[in-house]
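A, B, C and D are the chain letters, set down in written order, and residue numbers restart from 1 in every chain.
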Amino acid sequence: MTQASDTMAPAAQTRTVRLVYFAWVRERVGRAEEQVELPAEVATVLDLVRWLKARDEGYAAAFADETLVRAAINQTHVKPGTSLDGAREIAFFPPMTGG
Amino acid sequence: MTQASDTMAPAAQTRTVRLVYFAWVRERVGRAEEQVELPAEVATVLDLVRWLKARDEGYAAAFADETLVRAAINQTHVKPGTSLDGAREIAFFPPMTGG
Amino acid sequence: MTPTIRIQREDFDLAAEIATLSGGRRDIGAVVSFTGLCRDEGGTLAALELEHYPGMAEAEIARVAEEAAARWPLLGLLAIHRFGRVAPGEQIVLVIATSAHRRAAFEAADFMMDYLKTRAPFWKREHLADGTTGGWVEAKGEDDDAARRWE
Amino acid sequence: MTPTIRIQREDFDLAAEIATLSGGRRDIGAVVSFTGLCRDEGGTLAALELEHYPGMAEAEIARVAEEAAARWPLLGLLAIHRFGRVAPGEQIVLVIATSAHRRAAFEAADFMMDYLKTRAPFWKREHLADGTTGGWVEAKGEDDDAARRWE
(Lines give C-alpha, C1' and ligand atoms only; values in the text may rest on other atoms or scores of the structure.)
Protein backbone atom coordinates (compact mmCIF):
# COMPACT_ATOMS: atom_id res chain seq x y z
CA MET A 1 0.00 0.00 0.00
CA THR A 2 2.95 2.35 -0.37
CA GLN A 3 2.43 2.84 -4.09
CA ALA A 4 0.17 5.59 -5.41
CA SER A 5 -2.05 3.41 -7.56
CA ASP A 6 -4.14 6.11 -9.20
CA THR A 7 -3.40 9.64 -10.26
CA MET A 8 -6.65 10.78 -8.63
CA ALA A 9 -5.57 9.43 -5.21
CA PRO A 10 -3.27 11.49 -3.06
CA ALA A 11 0.04 9.94 -2.11
CA ALA A 12 -0.77 10.53 1.56
CA GLN A 13 -2.08 8.00 4.04
CA THR A 14 -5.72 9.10 3.67
CA ARG A 15 -7.81 9.24 0.49
CA THR A 16 -10.95 11.21 -0.24
CA VAL A 17 -13.69 9.11 -1.86
CA ARG A 18 -17.30 9.73 -2.72
CA LEU A 19 -19.78 7.27 -1.21
CA VAL A 20 -23.24 6.85 -2.75
CA TYR A 21 -26.15 4.85 -1.37
CA PHE A 22 -29.30 3.52 -2.98
CA ALA A 23 -32.75 2.22 -2.00
CA TRP A 24 -33.01 0.96 1.60
CA VAL A 25 -29.27 1.33 2.17
CA ARG A 26 -29.71 5.04 1.41
CA GLU A 27 -32.71 5.24 3.74
CA ARG A 28 -30.94 3.55 6.65
CA VAL A 29 -27.72 5.52 6.24
CA GLY A 30 -29.83 8.67 6.07
CA ARG A 31 -28.15 10.27 3.06
CA ALA A 32 -27.73 9.66 -0.67
CA GLU A 33 -24.05 10.52 -0.86
CA GLU A 34 -21.09 11.91 1.06
CA GLN A 35 -17.36 12.56 0.80
CA VAL A 36 -15.20 10.67 3.28
CA GLU A 37 -11.52 10.55 4.15
CA LEU A 38 -10.48 6.93 4.28
CA PRO A 39 -7.74 6.03 6.76
CA ALA A 40 -4.91 3.96 5.30
CA GLU A 41 -5.99 0.80 7.11
CA VAL A 42 -9.28 0.72 5.18
CA ALA A 43 -7.99 -1.27 2.22
CA THR A 44 -10.95 -3.32 0.93
CA VAL A 45 -14.69 -2.96 0.45
CA LEU A 46 -15.30 -5.08 3.56
CA ASP A 47 -12.89 -2.89 5.58
CA LEU A 48 -14.93 0.13 4.50
CA VAL A 49 -18.23 -1.54 5.45
CA ARG A 50 -16.90 -2.29 8.94
CA TRP A 51 -15.44 1.20 9.31
CA LEU A 52 -18.82 2.72 8.33
CA LYS A 53 -20.75 0.41 10.71
CA ALA A 54 -18.71 1.78 13.60
CA ARG A 55 -19.74 5.36 12.80
CA ASP A 56 -23.39 5.28 13.97
CA GLU A 57 -26.58 3.25 14.22
CA GLY A 58 -27.80 4.19 10.75
CA TYR A 59 -24.75 2.67 9.08
CA ALA A 60 -24.87 -0.26 11.49
CA ALA A 61 -28.49 -0.93 10.44
CA ALA A 62 -27.71 -0.57 6.73
CA PHE A 63 -24.82 -3.02 6.90
CA ALA A 64 -26.22 -5.33 9.59
CA ASP A 65 -25.96 -8.24 7.19
CA GLU A 66 -22.50 -7.72 5.68
CA THR A 67 -23.10 -10.29 2.95
CA LEU A 68 -26.39 -8.75 1.76
CA VAL A 69 -25.36 -5.25 0.70
CA ARG A 70 -23.76 -5.03 -2.75
CA ALA A 71 -20.99 -2.64 -3.72
CA ALA A 72 -19.63 -0.98 -6.84
CA ILE A 73 -16.36 0.87 -7.33
CA ASN A 74 -16.32 3.51 -10.05
CA GLN A 75 -19.68 2.11 -11.27
CA THR A 76 -18.52 -1.49 -11.63
CA HIS A 77 -19.72 -4.35 -9.40
CA VAL A 78 -17.10 -5.54 -6.90
CA LYS A 79 -16.82 -8.15 -4.16
CA PRO A 80 -16.23 -7.57 -0.42
CA GLY A 81 -12.56 -8.44 -0.78
CA THR A 82 -11.91 -5.99 -3.64
CA SER A 83 -9.20 -3.40 -3.00
CA LEU A 84 -10.16 0.26 -2.80
CA ASP A 85 -7.06 1.28 -4.74
CA GLY A 86 -8.09 3.71 -7.45
CA ALA A 87 -11.60 4.11 -6.05
CA ARG A 88 -13.14 7.53 -6.63
CA GLU A 89 -16.83 6.59 -6.20
CA ILE A 90 -17.94 3.69 -4.03
CA ALA A 91 -21.62 2.70 -4.08
CA PHE A 92 -23.59 0.52 -1.66
CA PHE A 93 -27.02 -0.85 -2.48
CA PRO A 94 -29.39 -3.81 -1.94
CA PRO A 95 -29.57 -6.71 -4.41
CA MET A 96 -30.97 -5.34 -7.68
CA THR A 97 -34.66 -5.68 -8.50
CA GLY A 98 -34.93 -4.07 -11.91
CA GLY A 99 -36.16 -5.59 -15.14
CA MET B 1 -60.81 -55.60 -41.05
CA THR B 2 -64.35 -57.00 -41.11
CA GLN B 3 -65.70 -54.22 -38.90
CA ALA B 4 -67.01 -50.96 -40.36
CA SER B 5 -64.83 -48.63 -38.32
CA ASP B 6 -66.35 -45.34 -39.42
CA THR B 7 -69.83 -44.30 -40.49
CA MET B 8 -68.36 -42.51 -43.51
CA ALA B 9 -66.69 -45.69 -44.75
CA PRO B 10 -68.74 -48.18 -46.76
CA ALA B 11 -69.04 -51.68 -45.32
CA ALA B 12 -67.76 -53.09 -48.62
CA GLN B 13 -64.21 -54.25 -49.42
CA THR B 14 -63.20 -50.95 -51.05
CA ARG B 15 -63.30 -47.44 -49.57
CA THR B 16 -63.35 -44.06 -51.27
CA VAL B 17 -60.85 -41.59 -49.84
CA ARG B 18 -59.65 -38.16 -50.84
CA LEU B 19 -55.91 -37.84 -51.36
CA VAL B 20 -54.24 -34.41 -51.22
CA TYR B 21 -50.65 -33.54 -52.08
CA PHE B 22 -48.49 -30.54 -51.25
CA ALA B 23 -45.26 -28.85 -52.40
CA TRP B 24 -42.89 -31.11 -54.38
CA VAL B 25 -45.01 -34.21 -53.67
CA ARG B 26 -47.88 -32.43 -55.47
CA GLU B 27 -45.58 -31.47 -58.34
CA ARG B 28 -44.21 -34.99 -58.82
CA VAL B 29 -47.62 -36.66 -58.53
CA GLY B 30 -48.91 -34.11 -61.02
CA ARG B 31 -52.10 -33.19 -59.21
CA ALA B 32 -53.20 -31.46 -55.99
CA GLU B 33 -55.93 -33.92 -55.07
CA GLU B 34 -57.91 -36.92 -56.21
CA GLN B 35 -60.52 -39.43 -55.08
CA VAL B 36 -59.39 -43.06 -55.03
CA GLU B 37 -60.99 -46.41 -54.29
CA LEU B 38 -58.76 -48.25 -51.88
CA PRO B 39 -58.70 -52.03 -52.17
CA ALA B 40 -59.17 -53.89 -48.88
CA GLU B 41 -55.54 -55.01 -48.71
CA VAL B 42 -54.36 -51.36 -48.41
CA ALA B 43 -54.61 -51.14 -44.62
CA THR B 44 -51.91 -48.67 -43.54
CA VAL B 45 -50.30 -45.44 -44.72
CA LEU B 46 -47.27 -47.38 -45.94
CA ASP B 47 -49.52 -49.82 -47.84
CA LEU B 48 -51.08 -46.82 -49.55
CA VAL B 49 -47.67 -45.32 -50.42
CA ARG B 50 -46.60 -48.59 -52.05
CA TRP B 51 -49.92 -48.99 -53.87
CA LEU B 52 -49.59 -45.44 -55.26
CA LYS B 53 -45.95 -45.99 -56.30
CA ALA B 54 -47.08 -48.91 -58.48
CA ARG B 55 -49.51 -46.69 -60.38
CA ASP B 56 -47.07 -44.60 -62.47
CA GLU B 57 -43.71 -42.87 -62.58
CA GLY B 58 -44.96 -39.62 -61.04
CA TYR B 59 -46.06 -41.38 -57.85
CA ALA B 60 -42.91 -43.49 -57.92
CA ALA B 61 -40.81 -40.30 -58.04
CA ALA B 62 -42.82 -38.58 -55.30
CA PHE B 63 -42.47 -41.53 -52.93
CA ALA B 64 -39.00 -42.69 -54.04
CA ASP B 65 -37.78 -42.25 -50.46
CA GLU B 66 -40.60 -43.85 -48.46
CA THR B 67 -39.28 -42.47 -45.18
CA LEU B 68 -39.09 -38.84 -46.37
CA VAL B 69 -42.68 -38.07 -47.32
CA ARG B 70 -44.93 -37.19 -44.38
CA ALA B 71 -48.59 -38.10 -44.12
CA ALA B 72 -51.70 -36.84 -42.37
CA ILE B 73 -55.06 -38.55 -41.96
CA ASN B 74 -58.06 -36.25 -41.51
CA GLN B 75 -55.61 -33.36 -41.00
CA THR B 76 -53.63 -34.98 -38.19
CA HIS B 77 -50.01 -36.15 -38.55
CA VAL B 78 -49.65 -39.95 -38.73
CA LYS B 79 -46.84 -42.49 -39.07
CA PRO B 80 -46.29 -44.99 -41.90
CA GLY B 81 -47.76 -47.81 -39.82
CA THR B 82 -50.97 -45.95 -38.96
CA SER B 83 -54.19 -47.70 -40.02
CA LEU B 84 -56.37 -46.08 -42.68
CA ASP B 85 -59.53 -47.03 -40.77
CA GLY B 86 -61.77 -44.00 -40.61
CA ALA B 87 -59.66 -42.04 -43.10
CA ARG B 88 -61.63 -39.61 -45.25
CA GLU B 89 -58.78 -37.32 -46.30
CA ILE B 90 -55.17 -38.53 -46.56
CA ALA B 91 -52.43 -35.97 -47.23
CA PHE B 92 -48.85 -36.48 -48.39
CA PHE B 93 -46.22 -33.76 -48.20
CA PRO B 94 -42.49 -33.06 -47.67
CA PRO B 95 -41.06 -32.24 -44.24
CA MET B 96 -42.51 -28.88 -43.20
CA THR B 97 -40.55 -25.66 -43.70
CA GLY B 98 -42.84 -23.01 -42.28
CA GLY B 99 -42.17 -20.58 -39.48
CA MET C 1 -57.06 -18.40 -21.97
CA THR C 2 -58.03 -19.21 -25.56
CA PRO C 3 -55.12 -19.00 -28.00
CA THR C 4 -55.61 -16.85 -31.09
CA ILE C 5 -54.56 -18.60 -34.32
CA ARG C 6 -54.72 -16.98 -37.73
CA ILE C 7 -53.54 -18.19 -41.15
CA GLN C 8 -53.70 -15.33 -43.61
CA ARG C 9 -52.32 -13.90 -46.82
CA GLU C 10 -52.25 -10.35 -45.39
CA ASP C 11 -49.46 -8.82 -43.33
CA PHE C 12 -49.93 -8.39 -39.56
CA ASP C 13 -49.28 -5.63 -37.01
CA LEU C 14 -47.31 -6.66 -33.90
CA ALA C 15 -48.20 -3.55 -31.89
CA ALA C 16 -51.92 -3.96 -32.61
CA GLU C 17 -51.83 -7.64 -31.65
CA ILE C 18 -50.02 -6.91 -28.37
CA ALA C 19 -52.53 -4.15 -27.62
CA THR C 20 -55.41 -6.60 -28.18
CA LEU C 21 -53.81 -9.25 -25.95
CA SER C 22 -52.89 -6.81 -23.17
CA GLY C 23 -55.75 -4.36 -23.50
CA GLY C 24 -56.94 -3.25 -20.09
CA ARG C 25 -55.21 -6.07 -18.23
CA ARG C 26 -53.04 -5.28 -15.21
CA ASP C 27 -51.91 -8.82 -14.39
CA ILE C 28 -49.45 -9.24 -17.29
CA GLY C 29 -45.81 -8.89 -16.25
CA ALA C 30 -44.12 -10.19 -19.40
CA VAL C 31 -44.80 -10.06 -23.14
CA VAL C 32 -42.51 -12.00 -25.48
CA SER C 33 -42.93 -11.66 -29.23
CA PHE C 34 -41.24 -13.50 -32.06
CA THR C 35 -41.44 -12.15 -35.60
CA GLY C 36 -40.06 -14.22 -38.47
CA LEU C 37 -39.03 -12.28 -41.57
CA CYS C 38 -38.09 -13.18 -45.13
CA ARG C 39 -34.33 -12.77 -45.69
CA ASP C 40 -32.91 -11.86 -49.09
CA GLU C 41 -30.07 -14.43 -48.73
CA GLY C 42 -27.35 -12.03 -49.75
CA GLY C 43 -29.42 -10.49 -52.54
CA THR C 44 -30.13 -13.80 -54.34
CA LEU C 45 -33.75 -14.12 -53.26
CA ALA C 46 -36.63 -12.19 -54.86
CA ALA C 47 -39.40 -13.75 -52.76
CA LEU C 48 -40.57 -16.78 -50.85
CA GLU C 49 -43.82 -18.47 -51.82
CA LEU C 50 -45.51 -20.14 -48.89
CA GLU C 51 -47.80 -23.07 -49.63
CA HIS C 52 -49.95 -24.44 -46.81
CA TYR C 53 -52.55 -27.10 -46.10
CA PRO C 54 -55.72 -25.12 -45.37
CA GLY C 55 -57.62 -26.47 -42.41
CA MET C 56 -54.78 -28.60 -41.12
CA ALA C 57 -52.52 -25.53 -40.73
CA GLU C 58 -54.98 -23.91 -38.32
CA ALA C 59 -55.70 -27.21 -36.56
CA GLU C 60 -52.05 -28.12 -36.07
CA ILE C 61 -51.02 -24.69 -34.76
CA ALA C 62 -54.03 -24.78 -32.44
CA ARG C 63 -52.84 -28.16 -31.11
CA VAL C 64 -49.35 -26.74 -30.50
CA ALA C 65 -50.88 -23.70 -28.76
CA GLU C 66 -52.98 -25.94 -26.52
CA GLU C 67 -49.84 -27.82 -25.51
CA ALA C 68 -48.12 -24.53 -24.67
CA ALA C 69 -51.14 -23.33 -22.67
CA ALA C 70 -51.17 -26.60 -20.71
CA ARG C 71 -47.45 -26.38 -19.99
CA TRP C 72 -46.99 -22.73 -18.95
CA PRO C 73 -49.18 -20.34 -16.93
CA LEU C 74 -49.98 -18.05 -19.86
CA LEU C 75 -52.35 -15.10 -19.85
CA GLY C 76 -52.40 -14.81 -23.65
CA LEU C 77 -51.05 -16.65 -26.68
CA LEU C 78 -51.23 -15.72 -30.36
CA ALA C 79 -49.82 -17.20 -33.55
CA ILE C 80 -50.22 -15.77 -37.04
CA HIS C 81 -48.71 -17.45 -40.10
CA ARG C 82 -48.90 -15.95 -43.57
CA PHE C 83 -49.16 -17.83 -46.85
CA GLY C 84 -48.64 -16.71 -50.46
CA ARG C 85 -45.78 -14.61 -51.77
CA VAL C 86 -43.57 -12.75 -49.27
CA ALA C 87 -40.73 -10.41 -50.27
CA PRO C 88 -37.42 -9.98 -48.38
CA GLY C 89 -37.87 -7.76 -45.34
CA GLU C 90 -41.54 -8.74 -45.04
CA GLN C 91 -43.03 -10.57 -42.07
CA ILE C 92 -43.93 -14.28 -42.28
CA VAL C 93 -44.85 -15.46 -38.80
CA LEU C 94 -45.73 -13.91 -35.45
CA VAL C 95 -45.96 -15.50 -32.01
CA ILE C 96 -46.82 -13.55 -28.85
CA ALA C 97 -46.97 -15.05 -25.35
CA THR C 98 -48.01 -13.11 -22.25
CA SER C 99 -47.69 -14.21 -18.63
CA ALA C 100 -47.25 -12.85 -15.12
CA HIS C 101 -43.55 -13.80 -15.27
CA ARG C 102 -40.88 -13.72 -17.95
CA ARG C 103 -39.78 -17.36 -17.91
CA ALA C 104 -43.20 -18.69 -18.95
CA ALA C 105 -43.53 -16.09 -21.70
CA PHE C 106 -40.05 -16.76 -23.11
CA GLU C 107 -40.35 -20.54 -23.01
CA ALA C 108 -43.86 -20.64 -24.48
CA ALA C 109 -42.91 -18.39 -27.42
CA ASP C 110 -39.73 -20.40 -28.04
CA PHE C 111 -41.66 -23.71 -27.87
CA MET C 112 -44.36 -22.39 -30.23
CA MET C 113 -41.76 -21.48 -32.84
CA ASP C 114 -39.92 -24.81 -32.60
CA TYR C 115 -43.17 -26.72 -33.08
CA LEU C 116 -44.49 -24.41 -35.76
CA LYS C 117 -41.29 -25.08 -37.71
CA THR C 118 -41.56 -28.85 -37.49
CA ARG C 119 -45.32 -29.56 -37.30
CA ALA C 120 -47.30 -26.82 -39.06
CA PRO C 121 -47.99 -27.80 -42.69
CA PHE C 122 -46.28 -24.97 -44.56
CA TRP C 123 -43.70 -25.23 -47.32
CA LYS C 124 -41.45 -22.50 -48.67
CA ARG C 125 -40.37 -22.23 -52.28
CA GLU C 126 -37.77 -19.75 -53.45
CA HIS C 127 -38.16 -17.25 -56.28
CA LEU C 128 -34.70 -16.04 -57.22
CA ALA C 129 -33.51 -12.54 -57.98
CA ASP C 130 -32.43 -13.67 -61.49
CA GLY C 131 -36.09 -14.35 -62.35
CA THR C 132 -35.97 -18.13 -62.10
CA THR C 133 -37.94 -20.28 -59.72
CA GLY C 134 -35.66 -21.85 -57.18
CA GLY C 135 -36.26 -25.05 -55.29
CA TRP C 136 -38.32 -25.92 -52.27
CA VAL C 137 -36.57 -25.01 -49.05
CA GLU C 138 -35.26 -28.15 -47.36
CA ALA C 139 -36.16 -28.95 -43.78
CA LYS C 140 -33.25 -28.63 -41.38
CA GLY C 141 -32.24 -31.29 -38.92
CA GLU C 142 -31.49 -28.54 -36.40
CA ASP C 143 -35.19 -27.67 -36.35
CA ASP C 144 -36.08 -31.22 -35.36
CA ASP C 145 -33.35 -31.08 -32.72
CA ALA C 146 -34.76 -27.78 -31.42
CA ALA C 147 -38.26 -29.26 -31.13
CA ARG C 148 -36.93 -32.29 -29.26
CA ARG C 149 -35.59 -30.01 -26.51
CA TRP C 150 -39.17 -29.81 -25.19
CA GLU C 151 -39.84 -33.56 -24.96
CA MET D 1 -23.48 -4.04 -34.42
CA THR D 2 -23.62 -1.40 -31.66
CA PRO D 3 -26.24 -2.12 -28.99
CA THR D 4 -28.70 0.66 -28.20
CA ILE D 5 -29.08 1.30 -24.45
CA ARG D 6 -31.45 3.87 -22.99
CA ILE D 7 -32.37 4.68 -19.40
CA GLN D 8 -35.33 7.02 -19.36
CA ARG D 9 -38.31 8.25 -17.39
CA GLU D 10 -40.55 8.31 -20.49
CA ASP D 11 -42.50 5.37 -21.90
CA PHE D 12 -41.25 3.61 -25.06
CA ASP D 13 -42.80 2.34 -28.29
CA LEU D 14 -41.97 -1.27 -29.23
CA ALA D 15 -43.12 -0.94 -32.84
CA ALA D 16 -41.05 2.21 -33.41
CA GLU D 17 -37.95 0.58 -31.89
CA ILE D 18 -38.34 -2.54 -34.05
CA ALA D 19 -38.81 -0.34 -37.11
CA THR D 20 -35.59 1.53 -36.29
CA LEU D 21 -33.64 -1.71 -35.77
CA SER D 22 -35.00 -3.41 -38.90
CA GLY D 23 -35.43 -0.37 -41.14
CA GLY D 24 -34.41 -1.20 -44.68
CA ARG D 25 -32.54 -4.37 -43.74
CA ARG D 26 -33.24 -7.59 -45.60
CA ASP D 27 -30.88 -9.89 -43.72
CA ILE D 28 -32.92 -10.17 -40.50
CA GLY D 29 -34.80 -13.44 -40.14
CA ALA D 30 -35.85 -13.21 -36.50
CA VAL D 31 -36.92 -10.45 -34.12
CA VAL D 32 -37.52 -11.32 -30.46
CA SER D 33 -38.88 -8.71 -28.10
CA PHE D 34 -39.40 -8.79 -24.36
CA THR D 35 -41.57 -6.19 -22.67
CA GLY D 36 -41.78 -6.10 -18.88
CA LEU D 37 -44.90 -4.53 -17.43
CA CYS D 38 -45.97 -3.36 -13.98
CA ARG D 39 -48.55 -5.79 -12.49
CA ASP D 40 -51.22 -4.61 -10.06
CA GLU D 41 -50.68 -7.66 -7.78
CA GLY D 42 -54.35 -8.49 -7.50
CA GLY D 43 -55.36 -4.85 -7.12
CA THR D 44 -53.11 -4.15 -4.12
CA LEU D 45 -50.52 -2.11 -6.00
CA ALA D 46 -50.99 1.53 -7.02
CA ALA D 47 -47.55 1.99 -8.59
CA LEU D 48 -43.94 0.94 -8.59
CA GLU D 49 -41.24 3.52 -8.05
CA LEU D 50 -37.99 2.65 -9.78
CA GLU D 51 -34.78 4.04 -8.33
CA HIS D 52 -31.59 3.65 -10.32
CA TYR D 53 -27.89 4.48 -10.19
CA PRO D 54 -27.39 6.99 -13.02
CA GLY D 55 -24.28 6.31 -15.03
CA MET D 56 -23.76 2.81 -13.69
CA ALA D 57 -27.20 1.70 -14.99
CA GLU D 58 -26.23 2.58 -18.57
CA ALA D 59 -22.70 1.20 -18.15
CA GLU D 60 -23.82 -2.11 -16.67
CA ILE D 61 -26.53 -2.75 -19.26
CA ALA D 62 -24.01 -1.87 -21.97
CA ARG D 63 -21.61 -4.47 -20.52
CA VAL D 64 -24.37 -7.10 -20.56
CA ALA D 65 -25.24 -6.15 -24.14
CA GLU D 66 -21.60 -6.49 -25.19
CA GLU D 67 -21.50 -9.97 -23.70
CA ALA D 68 -24.65 -10.89 -25.64
CA ALA D 69 -23.21 -9.46 -28.85
CA ALA D 70 -20.00 -11.47 -28.36
CA ARG D 71 -21.94 -14.66 -27.70
CA TRP D 72 -24.59 -14.66 -30.43
CA PRO D 73 -24.49 -13.53 -34.09
CA LEU D 74 -26.85 -10.59 -33.61
CA LEU D 75 -27.81 -8.00 -36.20
CA GLY D 76 -29.34 -5.63 -33.64
CA LEU D 77 -29.76 -5.36 -29.89
CA LEU D 78 -31.68 -2.80 -27.84
CA ALA D 79 -32.45 -2.37 -24.15
CA ILE D 80 -34.56 0.39 -22.62
CA HIS D 81 -35.20 0.58 -18.87
CA ARG D 82 -37.46 3.17 -17.31
CA PHE D 83 -37.06 4.82 -13.92
CA GLY D 84 -39.46 6.86 -11.80
CA ARG D 85 -43.09 6.02 -11.06
CA VAL D 86 -44.81 3.38 -13.19
CA ALA D 87 -48.49 2.42 -12.84
CA PRO D 88 -49.94 -1.09 -13.28
CA GLY D 89 -50.31 -1.96 -16.95
CA GLU D 90 -47.47 0.38 -17.90
CA GLN D 91 -44.21 -0.73 -19.49
CA ILE D 92 -40.97 -0.90 -17.46
CA VAL D 93 -38.35 -2.58 -19.62
CA LEU D 94 -37.85 -3.49 -23.28
CA VAL D 95 -35.30 -5.78 -24.90
CA ILE D 96 -35.18 -6.47 -28.64
CA ALA D 97 -32.73 -8.82 -30.34
CA THR D 98 -32.52 -9.36 -34.10
CA SER D 99 -30.59 -12.03 -35.96
CA ALA D 100 -30.60 -14.08 -39.15
CA HIS D 101 -31.94 -17.05 -37.17
CA ARG D 102 -34.40 -17.48 -34.34
CA ARG D 103 -32.24 -19.33 -31.79
CA ALA D 104 -29.73 -16.46 -31.48
CA ALA D 105 -32.50 -13.87 -31.14
CA PHE D 106 -34.39 -15.88 -28.48
CA GLU D 107 -31.31 -16.71 -26.43
CA ALA D 108 -29.85 -13.20 -26.55
CA ALA D 109 -33.12 -11.59 -25.41
CA ASP D 110 -33.53 -14.18 -22.65
CA PHE D 111 -29.91 -13.69 -21.51
CA MET D 112 -30.28 -9.89 -21.54
CA MET D 113 -33.32 -10.08 -19.27
CA ASP D 114 -31.71 -12.51 -16.81
CA TYR D 115 -28.66 -10.27 -16.50
CA LEU D 116 -30.66 -7.05 -16.40
CA LYS D 117 -32.58 -8.51 -13.44
CA THR D 118 -29.47 -9.45 -11.47
CA ARG D 119 -26.84 -6.90 -12.54
CA ALA D 120 -28.47 -3.61 -13.58
CA PRO D 121 -28.62 -1.19 -10.61
CA PHE D 122 -32.38 -0.63 -10.34
CA TRP D 123 -34.55 -1.03 -7.24
CA LYS D 124 -38.33 -1.20 -7.10
CA ARG D 125 -40.42 0.18 -4.25
CA GLU D 126 -44.12 -0.45 -3.96
CA HIS D 127 -46.81 2.19 -3.54
CA LEU D 128 -49.94 0.44 -2.35
CA ALA D 129 -53.53 0.93 -3.44
CA ASP D 130 -54.51 1.88 0.15
CA GLY D 131 -52.33 4.97 -0.11
CA THR D 132 -49.43 3.72 1.99
CA THR D 133 -45.86 3.25 0.83
CA GLY D 134 -44.99 -0.43 0.74
CA GLY D 135 -41.56 -1.93 1.04
CA TRP D 136 -38.70 -2.35 -1.36
CA VAL D 137 -39.22 -5.36 -3.61
CA GLU D 138 -36.93 -8.19 -2.51
CA ALA D 139 -34.58 -9.85 -4.94
CA LYS D 140 -35.56 -13.40 -5.84
CA GLY D 141 -33.20 -16.34 -5.68
CA GLU D 142 -34.81 -17.68 -8.84
CA ASP D 143 -33.45 -14.65 -10.72
CA ASP D 144 -29.91 -15.53 -9.65
CA ASP D 145 -30.57 -19.13 -10.69
CA ALA D 146 -31.84 -17.94 -14.08
CA ALA D 147 -28.72 -15.84 -14.65
CA ARG D 148 -26.49 -18.79 -13.73
CA ARG D 149 -27.98 -20.81 -16.63
CA TRP D 150 -25.71 -18.82 -18.96
CA GLU D 151 -22.42 -19.45 -17.15
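We take it that contacts are C-beta pairs under 8 Å (C-beta built on N, C-alpha and C of every residue); 3 or more make two chains touch, one makes a residue touch a chain.
All figures in this text were calculated on a predicted structure; none of them were measured in a lab.
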Q | Labels of chains that are neighbours to chain A and to chain C | A | D
Q: Could you put a whole-Å number on the gap between the CA centroids of chain A and chain B?
A: 74
**Q.** Chain centre separation in whole Å, for chain D relative to chain A (CA means)
**A.** 28
Q) In whole angstrom, what separates the CA-based centres of chain B and chain D? A) 50
**Q.** Per-residue multi-chain contacts in chain C, two or more chains
**A.** 36, 102, 113
Q.
Two or more other chains touching the same residue: where does that happen in chain B?
A. 99
Q) Among all the chains shown, which pairs meet the touch rule set out at the top? A) A-D, B-C, C-D
Q: In the complex, go through chain D and note every residue touching chain A.
A: 36, 50-53, 55-56, 59-60, 81, 92-93, 113, 116-125, 136-139, 143
Q.
Considering only the defined contacts, which chain D positions touch chain C in the complex?
A. 13-15, 18, 22, 24-40, 42, 88-89, 100, 102-103, 105-106, 109-110, 113, 146
Q: Name, in rising order, each residue of chain B that touches chain C in their complex.
A: 20, 22-24, 72, 75-77, 91, 93-99
